[in-house]
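Both complexes shown next keep subunit A, but they swap its partner, so subunit B is in the first and subunit C is in the second.
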Partner chain A sequence: MLQYIIKRLLLAIPILLAVVTLVFFVVRMAPGDPAQVILGDSASYESLTALRAELGLDRPVIVQYGEFLVSLVQGDLGDSIIRKQSINSIIADVLPYTVELTLAGVLLGVIIGLPLGVFSAVYRNSLWDYITRIGSLIGLSFPAFYSGILLLLAFSVYLGWFPVVSDPDMDNLGERLYMLVLPAMNLGLIMMAYVVRSARSSLLETLGEDYIRTAKAKGLPGFIILYKHGLKNALIPVITIIGLYIGVLVGNSVLTEIVFNRPGLGKLILSALDERDYNLLQGLMVIYAFLIVLVNLVTDLTYGMVDPRIRKQ
Partner chain B sequence: MITRKSVLGCLVSLLVLAFTVTPGFAENVLRIGTLGSDAISLDPHMSTKTQDKIIFPMIFNGLVRFKPGTADLNSIEPDLAESWEVSDDKLVWTFKLRHGVQFHDGYGELTADDVVFSLNKAAEKTTSSAYKEYSAVKSVEAVDPYTVKITLSEKVPFFLGAVINYHGGFILSKKASEKLGDKAAINPVGTGPFAFVKYQSKRFVELKSNDSYFRGKPAIDKITYRYMPDEATRELAFDKDEVDLFYGRREARWIKNQEKKKNIVVDVFGLGELRNLHLNTSIKPLDDIRVRQAIAHAVSREGLVTFIGPEVASAANSVVPAGYLGHSDSAMVYKHDLTKAKELLAQAGFAKGLTLKAVITKVDSLRLPMIVVQEQLRLAGITLDLQVVEHSAFHKLIRQNQSSLVLYGASRFPVADVYLTQFFLSSSIVGTPTGITNFSHAKVADDDILKAKTEVDSKNQLALWAAAQDKIQKDVYAVPLFEQYQVWCRKSNLDYGYKLENSLSNGPLITEKTSFK
Partner chain C sequence: MKYILEVKNLSTAFKLQSGWYRATTDISFVLKPNETLAVVGESGCGKSVTAFSLMGLLPEHGSRIDSGSALFKGEDLLTMPKEKLRKIRGSAMTMIFQEPMTSLNPVLTVGSQIAEAVFYHMNVGKAAARKRALELMDMVKIPDPGNRYNDYPHHLSGGMCQRIMIAMSLACEPDLVFADEPTTALDVTIQAQMIYLLHELKEKQQMSMVFITHDLGVVAHVADRVAVMYAGNIVETAPVADLFADPRHPYTKALLKSIPRLDKDNKDILPIQGMVPSIDNMPEGCRFYSRCEKKEQCRPDKFPQLLPIDNNPNHLVRCLLCE
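This part shows the complex of A and B:
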């Protein structure tokens, strides 16, 4: 197993390299200038040129790329061009917020989505099935910023249960959990919609298999058939969907963080892009790519836990 | 097993939690929701971003200041300097400092050394984005601990502007800057009514009352200055009583909706950002004055004001904003006249119309008026091929001379010289080594602008600035469109402690007198 994990992590290196290389060159090709952001719109061409030289942005791009790779290998993502702070520390400050939001979103999505999907499959074509399917379709269709504002209007402004600004103090666990509820719900609704649909279709397929009919013929109780023979076999596609859509959730977390005014990688990436903070943007891409690789690895390992056939392979 | 009791218990604990952790209820805590997702820099000499400019006057002072709520150059009053004198040739300025002014965090009493350090820093290219404003400063000397002498190499249009509570004029602690080094940019130490406590990147800046402030202890104990990039969230947070003051939308309909709410005061104030349409004469056929005149006749500034709302905008009559020292009301303004516009186009050989290419930012405050201009030009037979780009890309492209028309909005230090120099002096033409924002490649008013810089007689100076505006507008290097004001909303019990009419920082000034009634 350890060998497998190491092999997968080593395989991630070329992926990371490809992503950061692409980002490195693409952001520099886009018009925009970090020196302009720092000096403001009344800065002269002369002072902009001087600042670009001071920041090292006037050197050949390939030299800058080489330096970036050397620092990356040493585990140093460099300093932010705009704020002159270490990128490692900037990211470390907000990473916990994004991780807890994404995990809470996934958890909520699975906890609510899986039973609903099962329910919908078992009672297929019933009124509740239609309601669940329409509900999940709405969940898929809502942009995260829109559903976020609706949640804020309902639960913060009208009911007054939660704050609008979900920016907790990291040292206060109670406050963190409390302020996580609405943003997690926003992400969870999207995840739930994916889980409901994949669980329903996968379970419907499984429930039509011969071994289910055999189990029924043996007189096994419905719950055992559903859980032991149906759900366990239907889980693999669901896990794939969850793993795949964690990436989508990370994307949606950008909008969620902005609407709920929550710190996080998403908010950071937007401002880095807006300010043309090349270094910070590269650093963030490394982290994002690494997170996606990690999620895929965890997904693959989970297959083995659910299905012994895969474990043996 | 999940029982009804346990579900009820969970709900009750959640509600208790809701009441206990909702932030900010102390009456003397001011919670501000500002625009932007983060600070660019907390060094007042470096950043010119609105979200940073608003916070600087809370932490720092200048040698002189605008009376709070005004940006009137005639109402400048002492700040850290208690008095000043100027030589007859206006080249030597001597400032007497107040005694006993203390820097925050125990960095000691303000002395002439701090002023010398700050002004030298403001004049240095590597430590200040305002350094050009200090190019005429020959020396800054500490005559004694409470006297500073500034010698200029030539007369400047309004020198007090260089030592006012704005941009390079803010006075920093020399001791703190030397001790903190690079970290001083995120640990500002000043003498203002509020002292810096902490900065949380992407989240907020926290300030506390400076109890030994020389104008008296502030009525507000603490300020949370929160970065809230989403406009809807700022509004909802205000409705939910999580924010007391926030940056609003500069749109009439939005303001009307806010005013329907209880417990809210909407402040609409200057300085307005002037929107000029710059015509790039280096791109054909805009080198032909008849085409430029046709554009000036085709554009309806009244139509634009109606679109934005007269509550937040007013028609402009000069390429220098109203209220600036040197603004002229008598500069030539072309009236909206589509027939005249078509005639001029026909004379220039474009009877069948013409197409111009322009870039515009996706930021609504510029993009939407540009779409209105596009429609107004279409009625005169001019097709405007608009390329909507990201804001950073817009700034880059217009400085690379890539747009035939540039709609640009700005507010500057309120002296005509600043605007005329940056936008219409030939040395500021974009793409040149000294280029700033002369998008139109105007040269026509160089003599007047340059002469006005060193003119000792203020009447002559005003006449030169007026002549410059007239020439620029007559030859249509730019069409003045409208001025758009700032919009902020506050709780009705929040009293600034002064009447807010203008602010140089684009936000309300929070002073020692600001309080909750």
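This part shows the complex of A and C:
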């Protein structure tokens, strides 16, 4: 098992390298100049050149790329151009917020989505099934920034349950959880929609299998057939979907953080883009790519827990 | 108790796009204690549908039982409350299926799948259920049951899986077992083993069996009596020796003539001409008429009844020419 995990992590290296390389060059191809951003529009040519030299931006791109890779291997993402601070510490400061938001979204989506999907499959083609399916379709169709605004309108503006804008004390656990509710709901709705649909179709397929007929022929009670024989098999494709869409959720967490004005990687990436902070942008991309690789690994390991046919290999 | 199972006029219908159609019509047969009835017929003739109807395993949507009664130890399986049928199913009345590999749950150990049948019917604890499962695995001749108990179906061969299925069906010492083509999916070399095992266990456990097959060779080995089905009807039923020695329905005769034999020159194998009528286009009269070699002497518009022949109440035939 340990060997498998190490192998998977080693396989992640080429993926990370490709992502990093792509980001490094794409960022530098984008119009705009960090020196210009720092010094403003009225800066003189001389001061711009001097600043570029100071930031190391006047050297050939390939040299910059080499230096970047060398420090990356040492686990050092370099310093932010604009903030004059170690990128490692900038990211470490906000990473927990994004992780907690994404996890809360996944958890909410699975906790609500799975029972709804099962319900929808068991009572297929009933009125409730149609309502659930249409609801999940709406969930799929709403972009995160739009559903976020709707949530704010409903729960903050009309109902007044949550503040629209606030400056919460994140060291206070109660306040921190309170501020997590709406953004987690926003992400959770997307996850829920995916989970409902995949759980429904997967369970329906499973319930048509021969071994379900065997379980019925054995005279087992209905809920044992559904949960022990049906759901355990139906979960395998659902886990794939969950793993896949955690990636999508990480992307949507950027939009959610911006709409709800939450600290996190999303807000950081937006300002890094605005400021043409090449180094910070690269660092963030490395972290994102690493998160996705990690999620995929965890997904693969989860299969083995559910499906004995995979465990042995 | 004279009969363990008494089926009368059972008709099962399925919903197709253009309406409800009967897959089986007026199925009637009886089964004595410790008797094996072989149900023979080609694919789609309604053999399995009959068994599923009696077991209450028809799909919930798109199927229904139109008429009939089925007394199992004196109680009607078709009208009893679902919960009561569930308790009979898997304990007093069980079923073995055609595809052992897909009929076992891939994510549960084979031992636990046997123990489950014991646990939910016999009012015993988990440990006792496990012990019984190990006994059963030994009984169906699975070597080293202690280790095999924790294996998953994908660790076992098709034959081993079918032994597990048989163990499962015998878990609560049933009075009646439906075996739905239990050897069709297995290698020929395993088929004989499986048939002997089933036969041996049936004798040991004193139970009745409905053995569904399309293999007439198997029938001669296992059955006491045979019911031949064609296009949703039983067309002939007789003790196994009578049926092979003196088949009376033209379809049974044709079926017996179409068996290839190793010990004879097979030039005179005769396939049956024509096709089985489809479920949504059944003729009003005799369903075998269009393929019958004696149709010139017969009439197409009258539907024949299943009647005794030569005043023998054990040999029934559904044929206008035999009446």
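The working rule: the second predicted complex is superposed on the first by the 308 of 313 C-alpha atoms of A that agree within 3 Å, B and C clash if a C-alpha of one lies under 4 Å from a C-alpha of the other, contacts with A are read in each partner's own complex, and residues count from 1 in each chain.
Everything below uses one rule, namely that a contact is a pair of C-beta atoms (placed from the backbone, for glycine too) under 8 Å apart; a residue touches a chain by one contact, two chains touch by 3 or more.
Not measured: the values here are computed from a predicted model.
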Superposition on subunit A - do subunit B and subunit C clash or fit: fit
Touching partner for A:S126 - first (subunit B), second (subunit C), both, neither: neither
Which superposed partner A:P163 touches (first subunit B, second subunit C, both, neither): first
Partner chain(s) touched by A:D274 [first = subunit B, second = subunit C, both, neither]: first
Subunit B versus subunit C as contact partner of A:S141, first or second or both or neither: neither
Partner touching more residues of subunit A, whether subunit B or subunit C: B
Smallest distance from any CA atom of subunit C to any CA atom of subunit B, in Å, after fitting: 25
Subunit B and subunit C footprints on subunit A, overlapping residues: none
Complex interface listing, subunit C residues touching subunit A: 55, 57, 86-91, 94-95, 97, 99, 102-108, 116-117, 120-121, 152, 154, 165, 168
Subunit A contact footprint on subunit B (complex, rising order): 14-15, 17-18, 21-23, 37-38, 40-41, 46-49, 125-126, 129, 131-132, 182, 185-186, 200-204, 226, 228-230, 232-233, 236-237, 239-240, 242-243, 389-393, 395-397, 399-400, 410, 412, 422, 428, 430-437
Residue numbers on subunit A that touch subunit C, as the complex places them: 209-211, 213-221, 224, 228-229, 232-233, 306-309
Subunit B contact footprint on subunit A (complex, rising order): 30-33, 36-47, 49-50, 54, 82-85, 90, 93-94, 145, 149, 152-153, 156-157, 160-165, 167, 172, 174-175, 178-179, 258-261, 263, 267-268, 270-271, 274-276
